[in-house]
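Structure provided below as structure tokens; questions to follow.
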Amino acid sequence: MEIHQVKQELILTSRLPDMGYLPVKVLTSVSGSTSVAMDPIGVKEGDWVFTIANSAARDAAGDKRYLTDLTVGGIIDNWRP
Amino acid sequence: MEIHQVKQELILTSRLPDMGYLPVKVLTSVSGSTSVAMDPIGVKEGDWVFTIANSAARDAAGDKRYLTDLTVGGIIDNWRP
Amino acid sequence: MEIHQVKQELILTSRLPDMGYLPVKVLTSVSGSTSVAMDPIGVKEGDWVFTIANSAARDAAGDKRYLTDLTVGGIIDNWRP
Amino acid sequence: MEIHQVKQELILTSRLPDMGYLPVKVLTSVSGSTSVAMDPIGVKEGDWVFTIANSAARDAAGDKRYLTDLTVGGIIDNWRP
Amino acid sequence: MEIHQVKQELILTSRLPDMGYLPVKVLTSVSGSTSVAMDPIGVKEGDWVFTIANSAARDAAGDKRYLTDLTVGGIIDNWRP
């Protein structure tokens, strides 16, 4: 799992139907790289979160059928990068 | 999931039969690295898209039998890298 | 599998219910990058451990339903990085 | 999926029986890193190919029992890196 | 799959019971990074080997229940990095 900060919601012109309708967030890592994750929790811009990758990400999104490889797993308290 | 820009269609001299016949696109990431993804949506050169990796990529391509580890999941609106 | 040093326990304001209640630890690699892992062993700050990633991480946490992509697999004796 | 150039066949002193007997090729990426892939197609030194990783790589090799995490999926025509 | 050189056996103070009792080896890649792999073959310090990652690594270790994400798959003959 990795630590990321929430940067913004991602506005999608189109998405595959099986992705479901969870919000999709743009995240930045401590080293500055950008990723995109499904958000079943409802995190806000600036929150520090940890993310779950690959097969566990699909269950974390709430349904194994969801098409995701990265999902927000929780909010971190008092994180100082 | 990652954010990529569509660079071109990939012309294949031969491919494994189980790959199916979806278009295959060359993508570049914000940091400049190159990847190849199946495209079930029909994205165009220059579009900003997000991509789904690994086991979810196969379902995203429309059929778990498809041989892919990266699939275009949607088009991003108003993205400024 | 990778070698990591335990840095601290991660305090979570919220987490997905299916993550279970194992402690979650912040780890650093030899090259200085930061990861987060479930800890079924009870490792302490400063311990050198090895970690198991992806699908095996879920079984390593004790239950395939646990939502993790990285789990502490053991403590390393006499490691000098 | 990634784009690689075929460098040489890999001569193996011993291999696990469940790997099967497909040729194994050494590949280099555009950025110069080295990988090893199973080759069900019969690619030649200097060919540009694309490769399929992880679980799809096993099916791409022709049998889910094959022990591989990277398989050559096709030959690319007219590639200029 | 990747090419690695065997550096040393890893001495474990404790390990999860489901890891089984195969030797665990510290490996270095051509670019100098360090990984840890299960060794069902019995490779020696200094050997050049190739390694299999993720789900195939578990079968390569001899049993899908083994908790590993990297397993030695074979010894390479006459490798000059």
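Letters are used for the chains, namely A, B, C, D and E, taken in the order the chains are written, and counting of residues starts over at 1 for each.
Methods note: contacts are C-beta pairs under 8 Å (C-beta built on N, C-alpha and C of every residue); 3 or more make two chains touch, one makes a residue touch a chain.
Just so it is clear, the structure is predicted and the values come from calculations on it, not from any experiment.
Asks: Can you give the rotation angle that fits chain A onto its twin chain D by Cα atoms, in degrees and rounded to the nearest 5?
Replies: 145
Asks: Just how far, in Å, is the C-alpha centre of chain D from the one of chain B?
Replies: 20
Asks: Give, as an integer number of Å, the spacing between the C-alpha centres of chain C and chain B.
Replies: 32
Asks: Give the residues of chain C that touch two or more other chains, as numbers and ranges in rising order.
Replies: 54-55, 57
Asks: Quick check of your reading of the touch definition: is the inter-chain graph here a line, ring, star, complete or other?
Replies: If you draw each chain as a dot and join those that touch, you get a single closed ring.
Asks: How would you write out the ring, from chain C onward through chain E?
Replies: C, E, D, B, A
Asks: Using the touch definition from the top, list the residues of chain C that touch chain E in their complex.
Replies: Residues of chain C touching chain E: 1-3, 30-31, 40-41, 50, 52-57, 59-60, 73-78.
Asks: Could you pull out which chain C residues touch chain A in their complex?
Replies: Residues of chain C touching chain A: 10-16, 18-19, 24, 26, 33-37, 54-55, 57-58, 65-70.
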